[in-house]
Every structure is written in C-alpha cells, then in structure tokens.
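Below you'll find the structures, each written out as structure tokens.
Both of the next two complexes hold chain A, though its partner changes from chain B to chain C.
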Partner chain A sequence: MKREVVEKSALGVLAILTGTGVLLLLLILGSVIWKGGPALSWEFLFEASSDFGNAGGIYYQTVGTLLLMLGAALISMPIALGTALYLTEYTQSETVKKVLRNLIYSLNAMPTILFGLVGYLFFGVFLNTGVSWLTGMLILAVMILPTLQVSIQEAIEGIPEKYRETGMSLGLDHLAQVRSVIIPHSWHGMITGVLLGLARAAGETAAIMFTATTFSGILLPQSWADPVPTLQTHILVLAQDAVNSAALTKAWGAALILLFIVFILISFSFLLRGRLKMEAEL
Partner chain B sequence: MSKIKNVMEMDNAAIFYNGKPVLDKVCCGFRVNAVTGVVGASGSGKTTLLRTLSRLNDRVGGFRVHGQVRLEGHEIYGNGTDVYQLRRRVGMVFQKPVVFPKSIFKNAVFGLKHLAPEMKKEFPQAAERVLREVFLWDEVKDRLHKPAQTLSQGQQQRLAIARTLAVDPEIILMDEPTSSLDPKSSTAIEELIVSLKNRHTLVLVTHHLAQARRVCDDLLFLNEGTVWEQGGCLEMFENPKRKETHEYLSRWNVDEPAV
Partner chain C sequence: MAALSVVCAGTIFLYLLRESAPVFFAEGSGFLTRSDWWVGESYGAGSMIFGSFMVTGIALIIILPFALGGAVFTSEFLSPRWRLVIKSVMELLAGVPGIVYGLLGMSMLAVWVKSGFGLIDGNTIFTAGLLLGIMILPTIITLSEDALRSVPGEYRETALALGLTRIEMVWSTVIPQAVPGIIGAIFLGMGRAMGETIAVMLVIGGLDKIPAPWFDVFQAGQSIPSKLGREAAEAIGSGLHWNALMGLGLTLFLVVMTLSMAGNMFLKRVRM
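What follows is the complex of A and B.
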C-alpha cells in the first residue's frame, strides 16, 4: 500500500514537472505567434526593411540568415565527416579516440560568446576577414562542428557490423569501404547533424553580432568580405531600440519566421533520424 | 594427406584476444578443390579459426596471431601482405545472409564494382554468371533491379555467395551458412557447396554433423581451442582415432533434422 502511494506521488511529481516544461514552451510559442502573427504578410516576407525596421519587411534578413547557415554547413560538413571517419575508421588507439571525443563534447558546451570573441580575433583580426559574411560562416561552422561531428559519428557507429565485414570480406580497401559502405549507410545521420547544427546556428546571435552582420545599410553581400543582414540581429536591435509598437510587432514577426525556420530544420532532422534507425535495423 | 597439396595451412598457430588464448598449437591444412568441414562444440574456436584465415579479425582490439598461417606457402600475417588482395582471394560467407539495401543486381556485382570498375560494361554478364552458379538466376532474372531484401533467407544466402563468387576467390570460407535457413534452402546450399569445389577450395564451419558427412571431403575436429583430429571425412566418421572425436561425431544422425 505504502509503495503504491510512493509510486503514485512520484508519478504525480513527474507529471507536474513535464507539464510545467510543456506549458512554458507553449507559452513562448503562443506569445511569439500571438504577437508576431499580425506582422505576417506577403510584403513583410518579400520586401526590404526600411526606416530602421519601422517599415518594410525582412526579405534580405531571411535570405542573409539562410546564406550564413548554408555557408556554415558547407564549410563544416567535410571537416565533421573527415573527423568522424578518422575516429571511427582509421584510429585504432582508444586513448586518441577518447581525447578527441572529450574535446568535441567540450567544444559543444562552449558559450557561444566565446566563439564570437575567439572567432573574431582569429578570423576577423588575425586573418583579416573583418566583419563579413565569410567571418560569420567560419564562426558558425566551428560552432556547429561538434553537433555535426557527433551526429555523423553516431550514424557511422550505428552501421551494422555485418555491412562492414561483408565489405572487408570482398577485399574492399579503406577508401572503397568508406565510399560504398560507410557513407551510403550514414548519410541520413549527416543530414540530421547538419539540420540540428543549423537549427542551433539559426538561433545564435552572440557569435555573429559583431563579426558578420550589421543592422542597417546592407542588402545582400556582394562578396565574401561584405557583412550580411540576419534575422537575429534584426530582432535584437528592434527589441532593444524600437519605441513604436509597429516596429515591435515586426520584431515579433521576424522572431516567428526564425522560429519557423528552426522548426522546419528540427522536424526534418527527426524525420531523417527515424529513417536512419529503420535502415540500421534492416 | 601430406602428399596432397594444401592451399592454405596453419602451422603451430595460436590466437589470442587480449592476451587470452582462443586457439593454441593449431596445425592443419586445407586441400585444394576440397570441402573441409570444421566441427566442434560451441566455443571451441571454429569461427575464430575461419576469420583468422582471411584476416577479418584485424580490426578487433587485442587480437594477436602467433605461429604461421600460410596461403600457397606465403605467410599471411607477415609484413608486406596485401590484406585486401588476401581477402579477395579468401572469400567469406557469414552465418546470417547479409545483403545490402540495394537491388539484387547491385548486390551481385558489389565487390566487382570496386575491384574491377573498368569492367562495368560486363557487369550484367558477370551477374548472370554468378547468379547461375548459385542456382538463383531463374528465380530472379525478371526482378534483378528489385531490392535484395525481398528475397527469402535462402535466396539471400545464395545471393551473398554469388557476390563472393563474383570477385573470384580461390578459397571460400563459410561460417554455418545454413544455420538460419529452412531444410529446403539448406539442401540448395549444400548442393551449391558440392558444385563449387570444382573451381574453389571450401572451408565449412558447421554444427550439422549430417551435413558435414554429406558435403565434406575432409574434417577438422576442434575441441577447447586445439585441433584434436584432422583427416578424411568418412574415415573420421567411421574410424576416428580419438575417443573424444568418436563421442562427438557419433551423434551425427541423432540431432540432425531430416533434409
């Protein structure tokens, strides 16, 4: 009887905790949709912003955000794939694997402002790339690298051993094994990693605030050396400085679009993760 | 046996996992164009012996081989051995059928695609040849581009053998290839094994003593990580030299399903 009461109480506490988490999430989502919804219109989505964000839309900010994310993904993907392959396929030493894995997890937990600071000093100042699209891509690439690397590594490690052994037994060398067995059986994991990494990068403001983006005076970058407008900066500046309610509504509208991008990325990553699991169980 | 040419031999070989011996003082040979059965209780080291012959354990941490393992007189664990070439020459068929999530055709030419990409135009003929060799052609010729997973377990195992044959190995190692198959599919694989020995040397690990008796020319009896007896198959069933061999092999017609 006593055990039953304890179990029921524990279940009740867990339900309250879960409910609180879900409620908070719904509150945030609800307020963004409630406050940002009125801003949404064809013009808002496809027009340039004007009058310091008080008028116009967020077209260039949305494209800029996507450009920054796409560049970061293209830079980090080969590096993450190479690291994951090195760790899973080529390194025999357990110590090396452990050290590298710890480093990658530490990198994942690093505060993003540090990425911004170190990235700006290294890329922007030392390599002289300045406040630019290139600097932003490089910093975001480094930032999403651990997420991507871990996802790819997990996907590779999840490949059933029978496939590797079959490849080996046919005389496939390392490269052929990677090309025909490892990559085809782990690409869903790679895409999942990219999408999750991008979702993280999409929400990131601190790292790109002073390194890649400016609030006004820019449309789309004409070269790698130009800064790029982003939704994150747009929201931050409007939220801090806007005095009239129209500008604030536009900030909420931009937040809703950013949230929508993140939602799409995460939904796709879950969809692909499910498919990866099914393939691995074949 | 000594007058007959052994294509592969183990000479005083010992195999260790993390310093722990799994096989010890193994001396045995595998005759060319013969089927050698490897029998023994579970845990006696049969699969380890098989995997050692094609260096499939190289990735396993703590795996060590002492003594000699030779293919046509050349030490395969020595410096300078091309391990990829060795694995192509010494093919392996696993216990459970392994097909890649690709079409039947792509599975059949999977190894060829990498080992002889210049032959790409000849892949259809090569696929037909190996699928005929494993008696699968008539069953799949109209659905070559359908997923291989749609085949039955027995058909998948024959496809796996066809894929191995496509890279033309001299020796084919088979690790209990019928253990997950129904009696009808097992019979098909047994017939295939017998037909393959004209062109290949086969080493067959099996728990089915009746199967060993039906298809093997030679027999190797492993017990507790050592070779207790090796000889002609029927001779060992009829007149084993050791009491333990007699005790183990005498059950050949007791445990077997009627095939």
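What follows is the complex of A and C.
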C-alpha cells in the first residue's frame, strides 16, 4: 500500500510542477492582454506617436520593427543556406564540421548585448554605417544566423538518402544536385528557420537599442543611414521614464502588438515542422 | 559563406579583447576584484560580477524544481498529445520578448515582491533572479526533457518487469542515465540567465554595490549586462569608461562561453 501512496503523491507533485509552466504562459498572455487591451484601437495601430509616446499610436514603431526583422532575415538567409550546404554537401573534413558546429552554438549562446556593443564598433564605426537601420539589420542578421542555419541543416540532413542517390545516378553534379534535389526537399526547414529567426529578431532589444533606433523625431528611414523607431525600444523608453499611467498603457499596448507578432511567427513554424525540434533547445 | 560565420564569432572576441585592454593595464586584476566604479576615477567591476552570479544562482534555485519536475512528468507520464502541448507552450514562452518580461517584471513582479516582503523598493536582486528563473524555464525544461527521452526504452521495460512502480523506475533507472544531459541543460540555462539584459535592467535596481551582508538579496544590485545596457550608449568612444565597459563585456563573454561549451559537451552536441 505504501508504494502506491508514494506513487500517487509523487505523480501529483510532478503534475502540479508541470502545470505551473502552462499557467505561466497563460498568466503572461493574460496580463499583457488585460493591460494592453484598453490601448488598442485603429488609431493606435495606424497613427504616429506624439507627446513622447503619451499620446497617439505606434504605427511607425511597428513598421520599424518589421523593417528591421525582415532586413535581418534577408541578409541572414543566404549566409545560413550557404553554411548549411557547405557543411552537409561540400566539406568532408570532420575538423571543419566540428569547428563550425562549435562556433554556431557559441554564437547562439552569446549574450545579445555583446552583439550590440561589438556590432556597433564593427559596422557602425569601422564600416561607418553609424546609428542606422542598416547597422541594426546587420547586427540582427548575425544574431539570428544560428537559428536559421541549424533549422536548414536539420532539414537537409533529414532528406532520405535515396533522393540523393537518385540524383547521383542521373549524373547530376554538385551544383545541380543542390539545385534540384537538396533545396526543393528542404524548403520547409528554410521557412521554419526564417520564421523563428524573424521571431527572435522581433523580440530583441539589447542589440539594437543604441545601434539602430531612435525614440522620436523620425518617422521612417529615408535612407539606409537613418535610424528607425521600433516597438521594443518604444516600450523600453516608456517603461523607464513613464510617470503617468497613460504612457504605461501605451507601453502595454505596444507590448501586446509585439507579443502578437512573435506568437504568430512561432505558431506558423509549428505548422511547418513535421518533427518537434524546439527553438528553446538551442 | 561558411567562412563568414567563423569571421563573425572571431570578430566579437577580438574586438572585446582589443577594446578592453586599456582598462586591464590601468586597473590590473583589481578590475575584477574591487567594487568601486566611479566614472573618471576608478573602475572595479566586483559588484557587477557578484550581481551576475547572484541573480543566476537565485534563478536556478527557484526554477529547478519546476523545470526538472516538469521535464520528468512531460517525458515519462504524459501522452504524446500532451507532450506536444507542453513543448509548444515552452516554445511560446521562450519566444516572449525580453522587453515584455521586463515590463511584466517592472510593473507586476516588483510590486508583488515589494508588498510580499515588506520592502521600500521592489527592484532588487531577488526580483531579477525570480524573473530570470521564469525566463530560463523553457530552456531547461525542453533540454532536460530531451535528455530523459533519449534514455532507451529497454531500461524502462526491464525496470517495470522487475516489479518497480513507474515512479521508482524513473527515479532509479531513467534519471541516473539522463544526468549528463540534465547538467548540460542547466549550464545552457545559466548562460542564458547570465546574458539577459533588458529584463534584468528594468528590475534589478541599478546600484553598483555588493549588498551588506552579501546574502541580503532584497537590496538593489547590478549585473554585468544591466550595467552595459545602462551606460554603453553614453560611453561610446569616451576613453577609459568605454574600455571598462568592454572589459565587463569580455568578462561576460568568457563566462557565458565557458558555460555554453560545458553545456554543449554534456549534451554531446559537440566534442572537443
């Protein structure tokens, strides 16, 4: 009898511990919707902010966030694809594979503030791009590189060997093999990687807060060299400086939109994945 | 293309090394041990280093029961459908932007900590640790769950055939096999916690001192990333102050890289 009691109570405790995780998500979602919901309106979504964020909407901030993350994904995509193809199709050297794998995981574990600091020195000062949209995109592109690369590589490694063999038996050379076998059969990995990379870029603040963004004054970048306003930094400034509740409500509204963007991207990636390989695992 | 990602990682290290060199020449090892950070006079990073380890430690202590209990329950006792639910929830949680965690921490968690422990100010080292714990839960739970899943089914069948109950089976066969993976998961979670900037910056209080006594975590403190986030913008190109911040960056880099390498080795994702 005693063993049964132990079994039952242990299971109960474990279930409660697990449930806490799920509750946390509900709690976070609930709080953001509850606090940010009142701020939402068409005007909030499609108007410029005014009076230092105390009034108006977040139109330009939303566009800025979208611009930054799309730019980052566009820059990162070819590099990630190239790295993944090189690792799976071209190099035979185990040492090269090992070193690259180590580096990709290190890059992924890197604190994002360091991307901001060094990215600013390298792009902003050394390559003279300044505090700008371009600098932000480049920094975020490097930051999301591991996410894209790992996702693409897993898709390529998941291609059944017989497709490859069929390609070879047809006399395809490396390039033709890549173009007509590898890429068509691993596109889902690319899309998944891009979606998760976009989500990561959208949620990032530390790497762009002093390298790519501006709080007010600028609507949209007129050129590559202009800074952009973003949702992330908008929330940060409002949260740090706000004394009145109107500004905080605006911050919660912006947080709700940001959370919505990120969750949509992640949910789409769920649909594309045959196998559950989690971003949190990286 | 592949070379480009090597260049990225190498550049970060070289820049940190080059830019932080002056402060190590100026302050010597005192940079790491003293905790007097007065811009323009002296730069001792002790309180930031202490704060970083403290918040990470608190985060781990608070979240480990939930993370490990959750991993065991998800891996061993849930149906595949529910496993998928838990893993999806964890992925969404991992995707919540740091700034949203920061906003939640600042306007809710800090207030609860303040009233719950009767403090004057809710922005403390403890609050930051608690928030970080929540933030690293998905990392630890997902990775340890994978470590538990990768224990072969025969072990479980053998244990059950010997008449063990399911809990006894998990405790005496599955968990011991998964220990290296779980340790790896914890290391990677620590790396995450150590490097988080925005959320910590908003709730830690931002005071460059080691609390007295040192274990009094209900006081304001400072971690390395939060210091960087607060001061980097104003210090760019301003001589020794900037070098000192880069010295902090280098310290952070080395600690996080060590944790990540160790974690990945335990997870057998990379071999040295």
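One rule holds in what follows: the second predicted complex is superposed on the first by the 262 of 282 C-alpha atoms of A that agree within 3 Å, B and C clash if a C-alpha of one lies under 4 Å from a C-alpha of the other, contacts with A are read in each partner's own complex, and residues count from 1 in each chain.
What we mean here is this: contacts are C-beta pairs under 8 Å (C-beta built on N, C-alpha and C of every residue); 3 or more make two chains touch, one makes a residue touch a chain.
Since the structure is predicted, the reported quantities are computational estimates derived from the model, not experimental observations.
K.L.:
Which of the two partners, first being chain B and second being chain C, lies in contact with A:Q92: first, second, both, or neither?
P.N.:
In the superposition, A:Q92 contacts chain B only.
K.L.:
Classify the contacts of A:L145 with the two partner chains as first (chain B alone), second (chain C alone), both, or neither.
P.N.:
In the superposed model, A:L145 contacts chain C only, not chain B.
K.L.:
Output check: A:S180 vs chain B and chain C. Expected answer is one of first, second, both, neither. What do you get?
P.N.:
first
K.L.:
Once the shared chain is lined up, is A:S169 touching chain B (first), chain C (second), both, or neither of them?
P.N.:
In the superposition, A:S169 contacts chain B only.
K.L.:
Touch check for A:L74: first (chain B), second (chain C), both, or neither?
P.N.:
So A:L74 meets neither chain B nor chain C here.
K.L.:
Compare chain B and chain C by how many residues of chain A each one touches, and report the one with more.
P.N.:
C
K.L.:
Which chain A residues contact chain B in one complex and chain C in the other?
P.N.:
After superposing on chain A, chain A residues 279 contact both chain B and chain C.
K.L.:
What residues on chain C touch chain A, complex-wise?
P.N.:
Result: residues 1-2, 4-6, 8-9, 11-12, 15-16, 19, 65-66, 69-70, 72-74, 77-78, 84-104, 106-108, 134, 137-139, 141-143, 146, 165-168, 188, 191-192, 194-198, 202, 225, 228-229, 232-233, 236-237, 245-246, 249, 252-253, 256-257, 259-261, 263-264, 269-271 of chain C touch chain A.
K.L.:
Enumerate the contact residues on chain B facing chain A in the complex.
P.N.:
My answer: residues 54, 56, 59, 61, 84-89, 91-92, 94, 96, 98, 100-101, 110-111, 113-115, 149, 160, 163-164, 167.
K.L.:
Tell me, which parts of chain A touch chain C in their complex?
P.N.:
By the definition above, chain A touches chain C via 3-4, 6-7, 10-11, 13-15, 17-18, 20-22, 24-25, 28, 31-32, 35, 78-79, 81-83, 85-87, 91, 96, 98-107, 109-118, 120-122, 125, 142, 145, 149, 199-200, 202-206, 209-210, 232, 235-236, 239-240, 248, 251-252, 255, 258-259, 262-263, 265-267, 270, 276, 278-281.
K.L.:
Which of the residues in chain A end up touching chain B in this complex?
P.N.:
92, 94, 162-163, 165-166, 168-173, 176, 180-181, 279, 282
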